[in-house]
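The structure's right below; bear with me while I get my questions together.
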Amino acid sequence: MKLITAVIKPYKLDEVKAALQSFGVHGLTVTEANGYGRQRGHTEVYRGAEYTIDLVPKVKLDLLVEDHDVETLLDVVSKAAQTGKIGDGKVWVTPVETVVRVRTGERGAEAL
Amino acid sequence: MKLITAVIKPYKLDEVKAALQSFGVHGLTVTEANGYGRQRGHTEVYRGAEYTIDLVPKVKLDLLVEDHDVETLLDVVSKAAQTGKIGDGKVWVTPVETVVRVRTGERGAEAL
Amino acid sequence: MKLITAVIKPYKLDEVKAALQSFGVHGLTVTEANGYGRQRGHTEVYRGAEYTIDLVPKVKLDLLVEDHDVETLLDVVSKAAQTGKIGDGKVWVTPVETVVRVRTGERGAEAL
Amino acid sequence: MPTLDTGNTAWVLASSALVLLMTPGLAFFYGGMVRAKSVLNMLMMNFICIAVVTVAWVLYGWSVSFGNANNASGNSIWGTLAQWGMHDINTGITGKADLYGSTGVPLFAVACFQLMFAIITPALISGAIADRTKFVGWTVYVCGWVTLIYFPVAHWVFSPNGFINAKLHVMDFAGGTAVHINAGAGALACALVIGRRVGFKRDPMRPHNVPFVMLGAALLWFGWFGFNAGSALTASGQASVVFMNTQVATCTAVIGWLAAEKIQHGKFTTVGAASGAVAGLVAITPACASVSPIGAIFVGLIPGFVCCYAVNMKWRFGFDDSLDVVGVHLVGGILGTLLIGLFAAPAEVAGYTNGARAGLFYGGGIDQLLAQSEGAGIVFGYSFTVSLILAFAVHKTIGLRVSEEDEVTGVDQTEHAETAYDWGGLSGALHRAAANVAAATAPPSVESITDPSTAEKAEVNP
Amino acid sequence: MPTLDTGNTAWVLASSALVLLMTPGLAFFYGGMVRAKSVLNMLMMNFICIAVVTVAWVLYGWSVSFGNANNASGNSIWGTLAQWGMHDINTGITGKADLYGSTGVPLFAVACFQLMFAIITPALISGAIADRTKFVGWTVYVCGWVTLIYFPVAHWVFSPNGFINAKLHVMDFAGGTAVHINAGAGALACALVIGRRVGFKRDPMRPHNVPFVMLGAALLWFGWFGFNAGSALTASGQASVVFMNTQVATCTAVIGWLAAEKIQHGKFTTVGAASGAVAGLVAITPACASVSPIGAIFVGLIPGFVCCYAVNMKWRFGFDDSLDVVGVHLVGGILGTLLIGLFAAPAEVAGYTNGARAGLFYGGGIDQLLAQSEGAGIVFGYSFTVSLILAFAVHKTIGLRVSEEDEVTGVDQTEHAETAYDWGGLSGALHRAAANVAAATAPPSVESITDPSTAEKAEVNP
Amino acid sequence: MPTLDTGNTAWVLASSALVLLMTPGLAFFYGGMVRAKSVLNMLMMNFICIAVVTVAWVLYGWSVSFGNANNASGNSIWGTLAQWGMHDINTGITGKADLYGSTGVPLFAVACFQLMFAIITPALISGAIADRTKFVGWTVYVCGWVTLIYFPVAHWVFSPNGFINAKLHVMDFAGGTAVHINAGAGALACALVIGRRVGFKRDPMRPHNVPFVMLGAALLWFGWFGFNAGSALTASGQASVVFMNTQVATCTAVIGWLAAEKIQHGKFTTVGAASGAVAGLVAITPACASVSPIGAIFVGLIPGFVCCYAVNMKWRFGFDDSLDVVGVHLVGGILGTLLIGLFAAPAEVAGYTNGARAGLFYGGGIDQLLAQSEGAGIVFGYSFTVSLILAFAVHKTIGLRVSEEDEVTGVDQTEHAETAYDWGGLSGALHRAAANVAAATAPPSVESITDPSTAEKAEVNP
């Protein structure tokens, strides 16, 4: 079992989800996030005080997958999230030892 | 050292925390999240435009635990979070290589 | 490739980022979080109903790094986030199997 | 023979607008106190009162309440149906204008002013049944409530020939009985019929937007000057002292509530300050033209302090009066009505022509206190009984309460298909439904995988 | 010879304040409906109207619209420039005050009142071009629009000698043509010139703050009493029935819209209730002094119901009238103007001295309906044509629209360098820019690694 | 002998309500600018002013400020205590009403109107000490401040026999000196005594809710018409031109501020537009009855532009006037007061009976400018000195500032035990405290592990 984590541009969320569904993935956890990186932020002004905000809004996806799906889904996610512009984000994979479905207590593949 | 991550229904947070405490776990990190899954979303209407929202609000817990506690706590969390209805969520375990307590610089078990 | 995750006090975020930058780290993902722990919460009152809130606001950082940087950066982060007061937070390391830069599809070190 | 007084008319029209604003003010006062998942339903429960009560008022409400107001020997229990649809009221554009009593104010202006009272009274009830009410059931309840309860009671109390006013010589200048005790009784009945919220006492239910609570309190306060000082129906010395008394009592009630809160919980809270203000406004409503500014200090301080304790009743007795309509409006209304019996001052009482007397502390003896109690008792008894029957009837037929699942999900979503706030973080996750009116011309399936940067293209031929 | 009437003057001044408040009300009504990333731009588009229109009004607007209002034989197409800068108006502090017609109200008071109309009319347009407008371009457009369109049209419709009023004997009491059809036409033109938002029809664009939509609707409603009843320029029986009609039509429009929504989507929404209220206020604006309260029921109900369907046009025809200015103000304004031809009642029509007749259903025959259509057509035709040319001119020169990238990022950030909300979670992530005025005394580079606990120290010598 | 004028009275009562609304307006204007963790404290600092100042006013404030206003030869430094508790004021319900001067307005109405001025003046100070003030200390400071400073200064400036008004023939129609310079001086003193916020200059402190800033500005603007035009105490030509001038100057100030901002930072911001409006309202306050609408253009434009630069002073000199009370109210108040000396026009000055002259640009020579400077100087000097002593005294005794730790945590939580907003995401994390009043009947320990779906059961016997 693996965990694919993706940090992408917010407005791409719907497309990534659509793409995943067409590959039979129906579960996904989403979190609001913000990122620092090459993509530059902006400056704001309030009564003579200028502030720079480097943080750029992103969304973070957590996706539990079976080992044999990792490569394909890694590909699906990064393709769907791609705009080709700086700030598209990252996708990474971490090992998972157990997964439990809270409702039933099922483990492993059955839990997804 | 392991990391137990749980995605559960928001209103169960307090119960899960209570359950964990009764097992001597006092530290926990919580994040607001949203989930896609079997649990269906809803439809909204604004001036003639209908939108479907598949995302369901969840909370995500990050729990650093010692190896020998994993099984018990996995159980504690999933039991406490259970309602038996679709959408109860998932709990998973990932390996952790080091943990540091920022305040003291302590590592490993002492850091918890 | 490793993932350094840090849960720290919100107002330390800017300093941690500054410290990381001086070590050549320019990418980082930030999430709003809340923590339970030794640091005590507070009580609120609304029309005769008192509520205790144990959750304390935190921010969570996800930092993808190359293996040989882990120790240094672990140190950089925890030093920069430290105030010496209870509630400074935790930093932990998990193994990462692959990283992809969405924009280019690059993998591994090039993806950072 | 009275002629049009433009000054008085200007004041009554301005006051009407002020009182209309109180209902949205109430909606925000209540709306800020509920959880984020039911704020819209709270706004809607108030907003719909404006809509349906206005229609009922024009069709028959005005006539039932004030249709015979200019006729001293008119029926003291009920007005008339003669002015249904306000059809025979002369505006004075041609011929002689119909004016209200000796005020020189057109009947239509008074009708506007009194309408706003008929709107906010049932709206007050909504606070008792927050988070769990079926919108349609509520709407029906409101229609029935004003017809069976508010319209007649308003006649009893406000019409010069109404029996509580003319016969029992009760002093209730702007509605301690007709508005607050009345609404408080209706709220208690509703809360009992509809039952407790899921998680009442167990789950935390903290206000989701305290600044909105404050905004609502501010708009209420602002509008209340029209409510009380406007009730003089003249821009006069009486209206002026009423204005001052309203301000004074509201302020001392804020102090009273904050003091009680400090004693109980050790803190001065924002919700407490806002609640104290409302408690004071409620209490001074009947008394504003009976007491002096010094008297007003006490008519505010006492209810402010007492109501802060009164809101604990629901915890003790276990009825879920969610936003304390009973603790604030019923208790505050009763206190204000009775305190008149103690603090009514001769100089102000002289403004009454119904035989009212000064209060106990001002040498008027016990009589007025008894009269006030009688008035309060009659309105409470009538209102509570009829409200209970009405609420029960609606509950058993159309239904007044949503399903438990809908309640846990949130009534905004389930009753109104809306979400109050969208800060934008995840709005990328919504998408247009197939049922969408736009679908015909723009299949989402296709478009939803288009990149914004190509949007214009995607729309070349919509 | 008329003398100062303090009552009428008090009402006109109070009404002026009420109408001023409508523009911020509109800003919140619109602002709550846009996405969180462009709410400030929406507020600013409205706010700037107040600023620039006021200046234009003082310099020449008043004079062009009403400069010859007291002169029955004055030019019916255009006022005069004689009162530029309002320089020769006598306040009556010394000598004889200049009063408006026979109202006993100082010209300055009427000038304040009418100014507020000139402000909100262009502001209404902003809703059609939400999320994508260049602030400077918009400001220039507004200046041109009031000068070329609003000022003359206001003369035609509102000035006693204006041709639509005096010659075509159209009844438009408070601006169904001059305000709503006018703004609706300008909005349609703007929306066509500026084009669709990125992601129109594809992306969800749900209101980011529905309580603000409701707050805005409430402030509009409140202010509209000044708009309509204030237009009587007297605190009279006419003002009173106008007030009542305004209330009645608004309420039945809420009911009408909610009914249509229930039929189409199965739900009663908050945004729908607020929209219905505005549709009703729009429709009753021209009719408020022509119909009876019973007539007002229909002048609200019909537009409320119809407008709920009208807002679907933009999806069908693919023009991006973002917040439905066309569907609500143009359609509602036309309906209100025409319904007068059906429901105008003799008792109210008697208040007109321009030869207007009762409506078809009240025995007045078809004439008034034709007159109303003529008035509506002329204003729409003139306004749409000139607006189109003006918008096009501004768009091609200064530019009316931001870049696509700025639009996707959000106009608040790109046009105003601000973010509407900061709930504090990540505010630790901001830091003072080098360009900062404070930088001279406090280099962020140094301070930004200081711990708060040592802050005082860090500031010993700033 | 003057008799009751219902029109003037209606206007003064309406204006009183408008001015009351300004304080909540100010609370939102300020509250939106602070961080989310201290918005409630800001609202409370303003709200409590309403409460305590009203009580002080009724007991002795009115008497000290205006108790001898009808007595031309009354003391010019201080009123009287004869009207303590407003006990001997005749409302005219019986006998002859006490009216104010020749206005035909009841003393009680004027007392209501002037009370609202006494409330908002100290409230203005709260902006200088945002995020760090101890609620109790602030409350005590406010009581002392109005007693020692506002009440006497109001007498000097507003009472017909006050020396700044009668002897120095200063023109200050609605309070450039008595309100804005006065509050600005008090704010500067407070900011110096209380010290800088933790992280001042280092940490970003951006407004947490800009729409609230705009809402506050809108409510202030709306209410300010009562403040300025109401100060005429008559619904007259003077009130009308004052109304127009107020509108004009506010608008040109918005333009002036935005221009200055564009020059300095390249952007037109929302907070800037709102700030410009307030700066203009401040500046026109003393001048509104001295200048013509053309003059008002400059009395707005100049302060709007200058104040935008003035707010930078705090960065340069390092005093933490958090929300720029000095930069906007002190600077704006001084500018408005002095510009009268340049722009006062004969036609308007004729409204003054205190011997004031026209301004330099209107052939009145330099005299009035000197008089204005004298008035401004006296009020600033007196107010700053006494404020400094008072603030210091309170700070050293009760304490005006919270602990550094509480400040970093947020004063809402530490001073008021509340959180402003709860969007619901983590509300599952709260739970009822043991100390809870409900605990007796419902031990949380037990219930907190109950599932909502079994809630009804769990409450069978509460």
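The first chain written gets the first letter, and so on, giving A, B, C, D, E and F; residue counts start at 1 in each chain.
In this section, contacts are C-beta pairs under 8 Å (C-beta built on N, C-alpha and C of every residue); 3 or more make two chains touch, one makes a residue touch a chain.
Being a predicted model, the structure only gives us computed values, none of them experimental.
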{"item": "Both-way neighbours, i.e. chains that touch subunit E and touch subunit D", "value": "A, B, C, F"}
{"item": "Centroid distance [mean C-alpha coordinates] between subunit C and subunit A, Å", "value": "17"}
{"item": "Cα-centroid distance, subunit B relative to subunit D, in whole angstrom", "value": "44"}
{"item": "Touching two or more other chains - residues of subunit D", "value": "5-8, 10-11, 14, 203-204, 206-207, 209, 215, 265, 267, 269, 271, 312, 315, 408, 417-419, 421, 423-424, 426-427, 429-432, 436-438, 448, 452-453"}
{"item": "Residues of subunit A whose C-beta touches two or more other chains", "value": "11, 17, 30-32, 34, 44-46, 48-51, 54-55, 83, 94-95"}
{"item": "Graph class of chain-chain contacts, one of line, ring, star, complete, other", "value": "complete"}
{"item": "Touching residues on subunit F, where the partner in the complex is subunit A", "value": "204-207, 261, 264-265, 267, 269, 271-272, 275, 308, 311-312, 315, 324"}
{"item": "For the subunit C and subunit D complex, residues of the former touching the latter", "value": "44-51"}
{"item": "Of subunit A, residues touching subunit C in the complex", "value": "2, 5-8, 31-38, 54-55, 58, 60, 70, 74, 78, 81-95"}
{"item": "Complex contacts: residues of subunit E adjacent to subunit D", "value": "5-8, 10-11, 14, 18, 35-37, 195-196, 198-204, 206-211, 214-215, 218, 221-222, 225-226, 229, 234-241, 243-244, 247-248, 251-252, 254-255, 265-271, 273-274, 277, 292-294, 297, 312, 315-316, 318, 347-348, 350-351, 404, 408, 421, 423"}
{"item": "Interface residues, subunit C side, partner subunit E - complex", "value": "10-15, 17-19, 30, 32, 57, 59, 83"}
